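We just call them A, B and C in the order they show up, numbering each chain from 1.
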Amino acid sequence: MKLHIIHRTRYEYPAPVIESFNETRLQPSSVDGQVCHSFLLKVLPSTRLAHYLDFYLNCVHFFEIPEPHTSLSIESSSVVTTVSHALPPDQVTVPMDRLKECLAMEQCYDFLQTSKHVEMDASAWRLAVDATVGEPDAWQAAVKAMQFIHSNFEYVPAATTVNTPIAEVIEHRKGVCQDFTHVMLGMCRALRIPARYVSGYLYNGPKDELEGAQASHAWCEVYIPDYGWRGLDPTNNQQADERYIKVAVGRDYADIVPVQGSYRGTGMKKMTVEVNVTLA
Amino acid sequence: MPLLKNYASEDFFDEMVTRDSKVRAHYQPFVDRFGMVDMPEFEAKRRAVDLAFLRQGITFNVYGDSQGTERIFPFDLIPRIIPAHEWEHLERGLEQRITALNLFLHDVYHEQRIMKDGVVPPFYVLSAKHFRREFVNFEVPKDIYVHICGTDLIRDKDGTYMVLEDNCRSPSGVSYVLENRRAMKRSFPGIFESVGVRPVDSYSTDLLKTMEYIAPAGVVDPTVVLLTPGSYNSAYFEHTYLARQMGIEIVEGRDLVVRDSHVFMRTTRGLEPVHVIYRRIDDDFLDPTVFRKDSALGVPGLINAYREGNVSLANSIGTGVADDKVVYYFVPKIIKYYLDQDPILPNVPTYLASEDQDKAYILEHLEELVVKAANESGGYGMLMGPKASKEEIAEFRKLIEADPRNYIAQPMISLSRHPTWCEESGFEGRHVDLRPYILYGERTTIVPGGLTRVALTKGSLVVNSSQGGGSKDTWVLYD
Amino acid sequence: MLSRVANSLYWMSRYIERADNVARILDVNLQLLLDFRRLDDEHLARHWTPIVQSTGDEEDFFEIYDEANGQTVTEYFVFNRENPNSIVSSISQARENARMVRDQITIEMWEEINRIHLFARSPRALDMWISSPAEFFHEIRASSCDLQGLIDSTIPRNEGWYFLQAGKYIERADKTTRILDLRHEGLPARGVPAMVNQTDALEWSAVLRSCSAWDAYRHIHGVDVGPRRVTELLLLSPEFPRSVRFCVAELDGVLRALSGVPAGRFWNDAEKRSGRLVSELQFSEVDDIFKKGLHEYLDYLQLQLNEIGEALCSIYIHHPYHDGFSDLQQQQQQQSIMKDQGIAASALHNS
């Protein structure tokens, strides 16, 4: 599917602020079949833009705005062709005990550990056990984890913040895509399935185009020996297919923050975000 | 004054006397002359030195002390003496080690060959607390990661020197080396002159040269600054001391600003460019845009300036991987891999709790071993098996089972001892170690001697300043 | 020199001078009361309220205390830590700034600032204050003199020294105007004042004593103390070292030393203002000042001094686009919330 994405982030400050240093992870990746044909990042006030590739090979753009300003606008515009790596619903892959092969793989190591937002503790493990009920196949276990979250957790915006720990989300069973993804990561890692956080966008079909701004989305990718990384979306209970546009991967939200930085000045600011995904 | 009346080495290696209580040849000139100093003179000199240290503010702040009071680092007037040939051996070993560590760091942050070849299992590097993922594929000036290293050496019962640990992040203590020497020269000028000791005061010049060597390409007459967390830091005295000795400006994070990926100091004349930063702030606190977001000590944008090659940092970021206590286990293999040589200075025999065979051994022998947490410094988080209670041992057993990667164990080495003045009992043997300071720049320069730390409490093996240690001047002889 | 260091030296100097001046004002006024025969409330209020007004603290003061009398005013200005202008606060701030620039000052200076700071906060100070206020004030003033002396005799004449001087002269000039302003109630709003009665003369003597100007005055004018001559001495004298004119002339010299610009020209806003103020004071006559109104003129001087101080800071310490001392804020975009429509729509595509 060929898709066009516009992602606008705007900060407004009641009084001028200075010395703003920022990093963005907004450029869609061109791996595993997905191709980013074009990407433009527009920053206002205008300033020099540079980039580097981080440890997970996400493309990070960075810039600074030293002079006083009362607003900061960051707009990205990309055209991407997506592919689907979805597996048939009852796909049998490898037995759970082959997962120990992943421990030796460098590319999996980080995704089996506790990370900043995914603290692996008893509650995640218990949930994983409840969800998978002795499922012998690694992929099906991950799918079950995804389905479990979708059925048992409620999508409630504003029930959580960016720093809500997963133990709390598990207790109250409420959250948004970020939280569901973190919980799923906790569950998969407890089962020793390497799992990573993916940030990106979801194309919901022409209906949404009419209903206005969409949003960034978050989902999970799990590593199955012989099958590689495969995407699962606990918020919508489906595999990541060609409607999903991948931007960045990491251990959790902290590794993929779309826009972050620091500045000097007033703590009060207004932030607005707008995302629009359309067919290209 | 009878230095060695009733003094015996007992069952330890003593620096000054042999097993049959004969003074070692390289100490003889000192002992002879010291014999001519009487008690009142000795007392007077001791008091004078203490007073001088206090008034000059040669103090350190003790963490956890609610007053945040400053204390003098106690100084013992009897110097530790090393003969020239012994020092040469140490120099060669230390140079070999720091060269290997720098090559290791370069590899770990680029190709990772040593991990791919299985010599160091990747798991150990990836799980190291100070492995900085943000830093992979970064190009550093002159490919040097560790510019300043403090390596702790001890001697066992037979007098063999071994490396206890490396300190590759922000090693401190060199200011005491310099001040201790000044104190000795003032106290015993006669003895000093006649014995023939190699000088240490070129350290600050050598350090400055190293800083200048790594300046960004194309900069003539680079500006070097020392970045300190501020006056509440325990090593603040050393920061100001070194800055003054080197003739450079000492700055805090808020004095620096990044503009267009270049670093500047805010001065009364406007923004002045900064090219090299000798930073005494931990990686985590350097740049709130990249590392800890709550760090008020850092400089936003600093890492980007570093990335673009517009500023150089010493030590580089991410060097903590090399002084990780678990990576220490692999250093002999690291030396062999990059330099194809056997280590000149051996490690202390070490067991890694995450290697199954070692773990079994450790759990069986907890009462005999010293167990350390991989990432604590300053002597906290440690179990001294032979001296621990049953509860402490049981607790550590649980900790090790829960998180094996975080623990290493070593047999309790009977550190060498040195006659030291003890208030109540005269000259007694106290355990010592040695921390030489190695500068790695265009050449490797090691200040002759280094800091000899002494555990002032009888029988104690803990030499850290924060836990009741003191120091001695270290003399390397010309021959 | 680092801006932060210049800033600390400037403020350290101002706070040391401030503590000294507050001590002077209170000391002299307490002594003065002993000469009065009537010590009723109204009289006391009339005596003490101007002191509170002079530092602009009237509002804050009356939030804490019901009336302005010897006890409340002196307590407010000596020990009250909420009052940033009190002696204890000023010394505390001086010490805090000194601590941050310890390597710029000598160890004797540090030890003295530390000593007086510890003293001011100790029970001993409180005891001394109760038994003999004069002794207490003497202690404070002696310490300040000591520090000034140490600054003069041990600090090399580098940039740091100029910032120390700038802080001192701005503060000193400012406090002199406030001391002079204490008695403006007794004067006509405009016009040269008539000769004064004995009580008023005593009060004007107190003004002189607060500035250590009594001997200088006597030397020039003899024993007849009156507002006109006092004002002339304290504002316009080119020789008396605490006069506003003297201080501003020194300040002007210091600013030029910092920028390297010769007299008669200016390079920055601070110099422009100080140069202008110096000439104004040079060519004024005291009668002109009274015709305009003393109180208003003093307000005007305070404003000018304030602006010179701000200009100095903004040129050398805070640069354009910098306020290095304001808080670092974090910003990050959270992954936003998917609208409910999105969820409903995706339900159609359920696998």
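Odds and ends about this structure:
In this text, contacts are C-beta pairs under 8 Å (C-beta built on N, C-alpha and C of every residue); 3 or more make two chains touch, one makes a residue touch a chain.
All values derive from a computational prediction rather than experimental measurement.
Contact with chain B and chain C alike is made by A. The chain pair sharing the most C-beta contacts is A-C. A separation of 48 Å divides the Cα centre of chain B from that of chain C. In terms of their C-alpha centroids, the spacing between chain A and chain B amounts to 42 Å.
Note: centroid distance chain A to chain C, computed from Cα atoms, is 57 Å. Shared interface positions of chain C, i.e. residues touching 2 or more other chains, are given as 322, 324, 328, 330. Shared interface positions of chain A, defined as residues touching 2 or more other chains, are 19, 22, 66, 260-262.
Residue positions of chain B with contacts to 2 or more other chains are 257, 288, 293, 300. By the touch criterion stated above, chain C contacts chain B in their complex at residues 1-4, 6, 99-100, 102-103, 107, 159, 258, 316-317, 319, 322, 324-325, 328, 330. The touching residues of chain A, counted against chain B in their complex, run 19, 21-23, 48, 50, 52-56, 62, 64, 66, 103-104, 106, 109-110, 113, 260-262.
Interface of chain C with chain A (complex): residues 321-324, 326-343, 345-347, 349-351. Chain contact summary for the complex, chain B toward chain C: residues 55-57, 231, 240, 244, 249-252, 254-255, 257, 265-268, 270-271, 288, 293, 296, 300. Per the touch definition, chain B reaches chain A in the complex via residues 112, 115, 122-123, 126-127, 133-134, 136-137, 257-261, 288-290, 293, 300-301, 304, 307-308.
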